[in-house]
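Paired with chain B in one complex and with chain C in the other, chain A is shared by the two complexes that follow.
Moving on to the complex of A and B:
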């Protein structure tokens, strides 16, 4: 257990700043392997908060635990592509070598085995995080070696023998992660001269910068596709003591990892985009909200920020412009998909539980610390910088009339060349599959679990806002796969990641999952399909944020696009088949009370 | 023509839905003219004596007897209505669903604050007692349900509107106010 002195020093290091509560808890978790009730009380006292407030935050995030997570805490990704690439065998090897099951910690507390949602390594699965260090392309043999290393007390970073390409190999990253940039493009992955965007921006008025972005038709790349220029304009117009720029680097949608590659290879472009946004909306501060899974990039990103300060791209009187100062801090998450939703992200960046806020007010009105804030995706901000550099007309010439520019896609699953592709909008799924070597796919999941699962007949559809909109996750599902297993994995993910605020999402998703399991077990009837459709609509309509508004999509889009698969599985001659088995469901209690089950005759027994 | 027949039951519920039903107040006089009650706690008829047109069930299933009663209802009723949160979702009783049955029973009979530590620990296990299920189930997972009336409890007006619509053979057209709970 951490001493009071240690906790006090951690709190002091974070300047007793309540908004740094997650950083404080991260440090305690890292130091002691868990966050004890005593630690919660000490933190609460140190920050002048109630214990419940701190406990609420400590129990919200996946990477915080109230019992020891292990001196070595292994978090093995359980997203579908990890499963496709052999997760089960790797998990079994970890369990066998460590001598404990997933969800447990070895008796000596040395090794803990845990599941986790997609960690942004879908092109190199199965992958795991061990004490924050990324392990990719795992095999049972590698798992055994890793466990041996842990048993021998090895330093986790020292277990990374071979580093990946590009900046992954740099001293501050030293990760085995690979970029897998299969196709570069003119907007994101083209060479960038530091200062090119900011220096141009400061020669314009902020209004003109916004006008240029509006003219470019840049739409938000996180998935929702809101016009970026308009968002900046709304934010600028709001009165407030301070304005903020927040970069959403919480890409948690299973199957997306393009922001990880952008953060690794193009951080200057991103930070310039944030500075341009800051100039445009009148902000002095920016926050990069980095998902906890990407914490390994933090020292490298901090160094990049320091370099940019030296070059006067950040800091005071930027690029010689009197009155324009802007700087960026990095805030880490701690494992919560819902924090990709912008209002939940803002809560989390303020050190709160990552629960979405009611809207309105929108973040442009009341965002970070309740000041006017523009929240933009990593890719969007990079594009804004490039638009400033090259001009709106240049950008608009790429893509389709309604979807200007390029899109960075994360392609994974059953294809020969998984990785990152920067493509011009309008590309068909078929063309993409050709490039990636996955033409024999039976289905493609576009936009991750919250997106759309399309069938072969739809492969000529285009990736663009007007057709298949996507935040970038493309999962190729090969011919031999059981699509039900994919859908089931996605629904388990949403059940796990629902923040629990809205009943339709918290309770509805488990019900959908159960219904799906009922159909999978062969006990479904056509009425089950109809009920899923009705309930799914209710969940989508009645949930507060994007999570609940899209969580039924895995089932609903496969019912729409693969209806025959569901119909083949249900008993069409029956109007109702219960999955429930009375004899089975009384077994647990019988074992405790000694009662034996014999069908009662209630009508007679009661008389 | 004989009057339509109604039956009701409260399973793993609190009888709150039945209380809400009684909140139809003086409309109960009209209801008595319109329908005949069969098995129901309202008239204390304990067994089905004839086929029933509308069965109304409050509460989910938490034990073997609940399941048997529910199945009897399904057998006897043309239309079966799931009334209220517990029937539809399991409700408050389903809060135990995340806790193993053994823990629940031991908490209730061995460790609860009202147990005198000096008393012998007795786990009720008489064969005549219904057996607790592994978890609390909503009705629709056990039998086919024809209509759901949400609420905790559903308001008297909602129940009245639903019943009269059914009796008049009209589609169940529930206005927003009837199913708005905040």
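Moving on to the complex of A and C:
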């Protein structure tokens, strides 16, 4: 248990700042392996809050625990690609070697085994986080060696024998993570000269910077596709004591990992993009909200920021421009997909539960600390920097008329070359599959679970805002896979990641999941398909944020594109089958009493 | 709020209405005698948009009437069959999500969830009952929390604060595991009036004031006399 002194020093280090509650809880969790009721009470007293407020935050995030998570806390990814790549065998190996099951901690408290949602390593699954250190391409044999290391008391970072490519091998990262950049492109992965964007921007007026971005037709790369120039203009127009730029590095959609690669290989480009945005909207401060899973990148990103300060790309009087100062701080999440939703992200960055806000007001009106804020995706901000460097016309010449520029895709699943591809918009799925070596796919999940599951007949559709829009997640589903298993995995994900605020998403998704299981078990009827569709539409229409509004998509898009699969599962001769199996339910009682319950044959049973 | 009021015009299901800029659709409709059903809303609290029962449709887009500002010329769809059915299904979701044994509940007859179920003519929910295992927190001095009935409307979280502005109620965890919690020490110190208010404002029988019970006899309970929403609809007849 952490001493009172330790907790007091942690709170003091964070200047007793309520908005840093998540940082405080992260430190306590890291130091003591859990957040005890006493710790909650101490933090509440230290910050002048009631205990329920602190407890509310501490219980919201996946990486906080109220019981010990283990001196070594293993978080094994359970997203579908991890499952495809052999998660079950790896999990079994961990359990056998450690001597405890998932969801438990060994009796001595040394090793805890936990599941977690996608950690952004889909091109190198199965993967796990152990005390924040990433382990990729796991096999049962590797799991055994890792457990031996933990039993021997090894330092977790010391268990990383071979590091990945690029900056993954640098001293400050030292991760076994691979970049797997399979196809570079002109916007993101081209060489960048530090200062090229910011120096150009400060020679223009902020209004002209915005005009250039507008002219480029840059649309947000985080998923919603909102015009970036317009967002900056709205933000700039708002009156307020302060304006902010927030970079959304939450990257939680299962199957996407391109922001992780950009953060690893192009952080200068990103930070210049944030500075350009700051100049354009009139902000002095920027916040990089980094998902907890990527905390291993923080020291390296901090060092990059320090270098940029030295080069006067950040700090005061940037690039010699009087009156322009801008700096960036990094805020960490603690495991919650919904925090990728921009207003939930803002709540989380302010140390609150990651629950979306009511909109309006929009973040451009009332964002970080309730000041006008532009929230942009990592890739969007990098592109903005490049547009300043190379010009809007250069950018617009790439892609399609409606979708300008390139898009960085994260390709994973059943393909020979999983990894990151920077492609021009307009590329067909078929071409992409050709490049990635996955042409025999039965289906492709475009845009992650919240996106669209398309069938072979649709492979000639184009990746572009006007056709198949995507935040970047592309999961290739090979011919031998059970598509139901994929759908089921996605629905479990949404059930778990719902913030729980609103009824349709919180109460509705578990009902969809249950109905899906009924169909999968062979107990469904045609009316179950109709009902699940209706319920799904209700959840989409009634939910409060994008999570609930897209959560039925795994079911709805597969019913639309793979209807025959559902129809083959249900009993067409029946109009109703109960999901409740009486014979099954009374099995235990029958065994005790020796009486048999025989379904459909009550006379016999009576004999 | 002290800004000069700018009058605007809008319609609900074709009915011409007047409102002031800055009002929500729900408030504005109410002022025009149009009832939009809602469960989590409480006049005077920051609207939460949690129950979504007040969802209306404008230009093909659904939105919560309790949080959406009304604008000039807005054509709001409210009492239309498909919306009403989706609202009804939200009520039904709440019935299966928790454990609601109305006949044994002290709030029966004064319960907004029950009253809305009557208004929507719910016979039996279309969803399977989940029968979750939930607890009853009875250790507190003044307040009993009956989690089986809680619908997470967040009225208590939003509205019950101590004099030094500390939250007495809070929310734990997320997803279907979300649970309301009470700081029992702070709750015990609540003035009598506030403790009573906490119970009265809970739309269901989840917050109960200990030591008093079943004070209003059957026949005199709030919704014994008239169905929920009829006060709003009568006001402008």
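Basically, the second predicted complex is superposed on the first by the 581 of 607 C-alpha atoms of A that agree within 3 Å, B and C clash if a C-alpha of one lies under 4 Å from a C-alpha of the other, contacts with A are read in each partner's own complex, and residues count from 1 in each chain.
Here, a contact is a pair of C-beta atoms (placed from the backbone, for glycine too) under 8 Å apart; a residue touches a chain by one contact, two chains touch by 3 or more.
Computed from a predicted structure; not experimentally measured.
S.K.: Give one of first, second, both or neither to describe whether A:507 is in contact with chain B, with chain C, with both, or with none.
M.R.: In the superposition, A:507 touches chain B and chain C alike.
S.K.: Contacts for A:576 in the overlay, against chain B (first) and chain C (second): which applies, first, second, both or neither?
M.R.: Touch partner of A:576: chain B, not chain C.
S.K.: Applying the document's definition of touch, where does A:527 land relative to chain B and chain C: first, second, both, or neither?
M.R.: first
S.K.: Scan A:152 for contacts with chain B and chain C and give back first, second, both or neither.
M.R.: neither
S.K.: Mind telling me which of the two, chain B or chain C, contacts the most residues of chain A?
M.R.: For chain A, the partner with the higher number of touched residues is C.
S.K.: Using the touch definition from the top, say if A:590 reaches chain B (first), chain C (second), both or neither.
M.R.: In the superposed model, A:590 contacts chain B only, not chain C.
S.K.: Scan A:568 for contacts with chain B and chain C and give back first, second, both or neither.
M.R.: neither
S.K.: Have a look at where A:161 lands relative to chain B and chain C in the superposition and call it first, second, both or neither.
M.R.: A:161 sits against neither chain B nor chain C.
S.K.: According to the stated criteria, A:52 is in contact with first (chain B), second (chain C), both, or neither; which is it?
M.R.: After superposition on chain A, A:52 lies in contact with chain C alone.
S.K.: Looking at the overlay, does A:538 come into contact with chain B only (first), chain C only (second), both, or neither?
M.R.: A:538 sits against chain C, while chain B stays out of touch.
S.K.: Where on chain A do the contacts from chain B and from chain C line up?
M.R.: 507, 514, 579
S.K.: Would you mind writing out the residues of chain B in touch with chain A in their complex?
M.R.: Against chain A, chain B makes touches at 46-48, 64-65, 67-69, 72, 89, 100-102, 105-106, 123-135, 137, 141-144.
S.K.: Using the touch definition up top, name the residues of chain A that touch chain B in the complex.
M.R.: 507, 514, 527, 575-576, 578-580, 582, 584-603, 605-607
S.K.: Quick one: which bits of chain A touch chain C in the complex? Just the residue numbers, please.
M.R.: 48-53, 55-56, 59-60, 336, 338, 353, 358-360, 495-504, 506-508, 510-511, 514, 531, 535, 538, 541-544, 579
S.K.: Using the touch rule from the top, collect the residues of chain C that touch chain A in their complex.
M.R.: Within the complex, chain C touches chain A at residues 47-53, 55, 62, 64, 67-69, 86, 89-90, 93-94, 96-97, 126-128, 130, 151-152, 154, 162, 166-178, 181-183, 186.
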